[in-house]
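Residue numbering begins at 1 within each chain, and the chains themselves are lettered A, B and C in the order written.
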């Protein structure tokens, strides 16, 4: 279930992106965090107990919102603007 | 309130050398006070890279290193924790033909010393360690070597010594050591006074002043190796990596953080402390990303550097003072003290109890510097004093 | 324009912007580095693209101040060297290491103004890492910048004026606020009456927020002791104790916090001396009234110098700019300086009252169960911290970090150091000041390994 609930900005242009292989869209002005958490309930799992995490501070301090691009680059979701064509993966598999 | 502690042995410097000596002495039943100007294990012992390796040491260090090698797997039994010691193997890379020749040369020199080095060529390297990129010519693998967590190991040796009955005085800088007719009197900045039969000078980068005070100055300088650590990552490094010719060393812990070193930091206005340079850190980060493709998207989360004592000939000073009976020196490990320190601790305890040790340490004698200095007044070395008997 | 003076300002929030404006007014061209994409800091954070909401919708009573600040920055942007989305990750002597878009460069400066702001101060309690739990500031950013509520049924918890402000903002924006849980007793609020002579507007506004929340049927509870957040993959409810009785409320999001904590890492790296601030319950860089630190040519302003709010930040930014100019031998308007210092003093007196009205929940820190996570990055429990305090004789924060890994994770102690301080001090029954503070290490935030160097060879 989505964590974040949109109260405003509904009429802004859509931005298409891919999340975990699925095509979806966010809105202009979304951060990656908003785009993902308006449709799902986690961004990553914790490093040592695989507990789900979905950010905390929204201001680039807690470092709990890192997600991956399909090329393996890391993105801090709360401080990265959503861009068209982004290919994102939430880091929800346990580390090997 | 000034109290006088009377102990068999006073140890100046609570790093890994001093702490392991304290523990070994307690296990022999001798009374010990372990002194440190700060927290035990907070200096070189606690901030070094964490490599636990014999490979690469000069041959004269190998017997001592082999002695330590037997101790590391027994850490849990000795100090209650395994200190995250892992026998991962130590892989020393040669990036040029000259470096490979150097590795081959070393392997030959130490062939009889029990390191069981395996020389590996380029193709084998790519096959066995595909996570290392670049045109590496070859490598030398010492599969019995590994790495551990210096922050935990050093502090825990001091804790174990305390639990075994050693008096551990942290934040107690030693201000003066006086030789008495029998034994020594130590004064400290906190007012604690100590009388001891023996003194061990294991004060690391600060040991030179004590040696000098007893008429045996040494060419001890400070180096500031600096390190970076990454966020936790999927484990991919299967060995502790070094490079012939230096420049980079890297290891990955079970939790997944990679520790990479190879640059020097710089002292702050207080020469007891150092910090990494921004440029140095960025250099080592780039080197790491270049050599280990798995690190290319990773983030560094911390840089640090520490203060270590380096001797001009890069060998430590270990052994009895040449000027003062019952004074024993053990310092100047030149950035390579971590693996060897537990063995040194045992040796120091033997020196105290027996006046000698079964492990060869002549090469580390403090008077090798004065002996080199022929013709100068300082070159006339008095005969080693007779060791006062322990009561 | 003077070549000899090359000021660097870190932070483009209220303090940084006013400092820049002040220096510009004297003909200097400061470099202004900020992590965000646009100016305003946190409290006046801007959205990424325009939308249908008015400044009033976004900033409420502070809309005028927010707009004025943003417009001021727009006016000066072309006359300063502005580096947005840039991170100053290290400072040493007169050089800063700055990372922008995967490249790092060294910036030399003659003078430094640190306007690094603050983050929420949190304490751990069971379930605080569950998806759907955000800080109060985080909940506010979700609304302000992103037009989102953190959930369908949000509970706000904590202590501080921000608690009521964010809850009220959510209510006004059409979110469902399930409850406001104040850890402070209602009686503490009576201290606000003492604040009436100083900041009547602030006090009345706060009262209005509570009244409107209650009128809308939002339950407001006082003297709350949070027990746990329920839900494994996502928040499902919150349980608390109030006057000895346990309460439970279903919800799908919790926003919480207990005032703010200053970002002081760069001040530490710059060599500033720190002092312990009883009100903030934290160490902060030592500063004089003007914002001078113990290091020549280094100044601090705003919440990064001690929590005092956005109004104080604007004043302090200007004051620090004037201090820099004065120290550099420029003539300054002393009448203006007197006005600034007077206003700042009044705000600080009011902050004392705020702290009394919204006290920090000391008991929560010391009573939290051993098995609750203290360090969320490294997943180290409160119990591990207490065990280190007891059996390894740990009395000091850096030693705690070295032996337990608390503070060694990606956030470098931002989310756990306040709590670790409280817990370590409580374990020994010692004052907070005695356990010290975490020593800053570069990089002050995570830095990509493959960061390229700009120009200068490594």
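As a working rule, a residue touches a chain if its C-beta (ideal position, glycine included) is under 8 Å from a C-beta of that chain, and two chains touch if they have at least 3 such contacts.
Here the structure is a predicted model, which means the values were calculated and not measured.
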item	value
Most remote chain, CA-based centroid, reference being chain A	B
Centre-most chain, if every chain is reduced to its averaged C-alpha atoms	C
Cα-centroid distance, chain A relative to chain C, in whole angstrom	24
Gap in Å, rounded to a whole number, between the CA centres of chain C and chain B	42
Whole-Å gap between the CA centroids of chain A and chain B	46
Residue numbers of chain A (touch at least two other chains)	47-48, 74
Sequence positions of chain C contacting 2 or more other chains	409-410, 446, 448
Set of chain B residues in contact with two or more other chains	296-299
Chain B-touching residues of chain C, taken from the complex the two chains share	89-90, 92, 95, 97, 104, 106, 271, 392-393, 399, 402-403, 408-410, 412, 441-443, 446-453, 456, 458
In the complex, chain A residues that touch chain B	47-48, 72-74, 95-96
Residues of chain B that touch chain C when the two form their complex	39, 42, 46, 151-152, 155, 159, 230-231, 269, 275-283, 285-286, 288-289, 295-304
Chain A residues touching chain C - in the complex, by the definition given at the top	1, 3-9, 11-12, 28-31, 34, 38, 41-42, 46-49, 51-64, 66, 74, 78-79, 81
Footprint of chain A on chain C - complex, ascending	35-37, 42, 47-49, 51-53, 57, 119-120, 129-135, 137-139, 141-143, 145-152, 173-175, 232-234, 252-253, 376-379, 409-411, 414-415, 445-446, 448
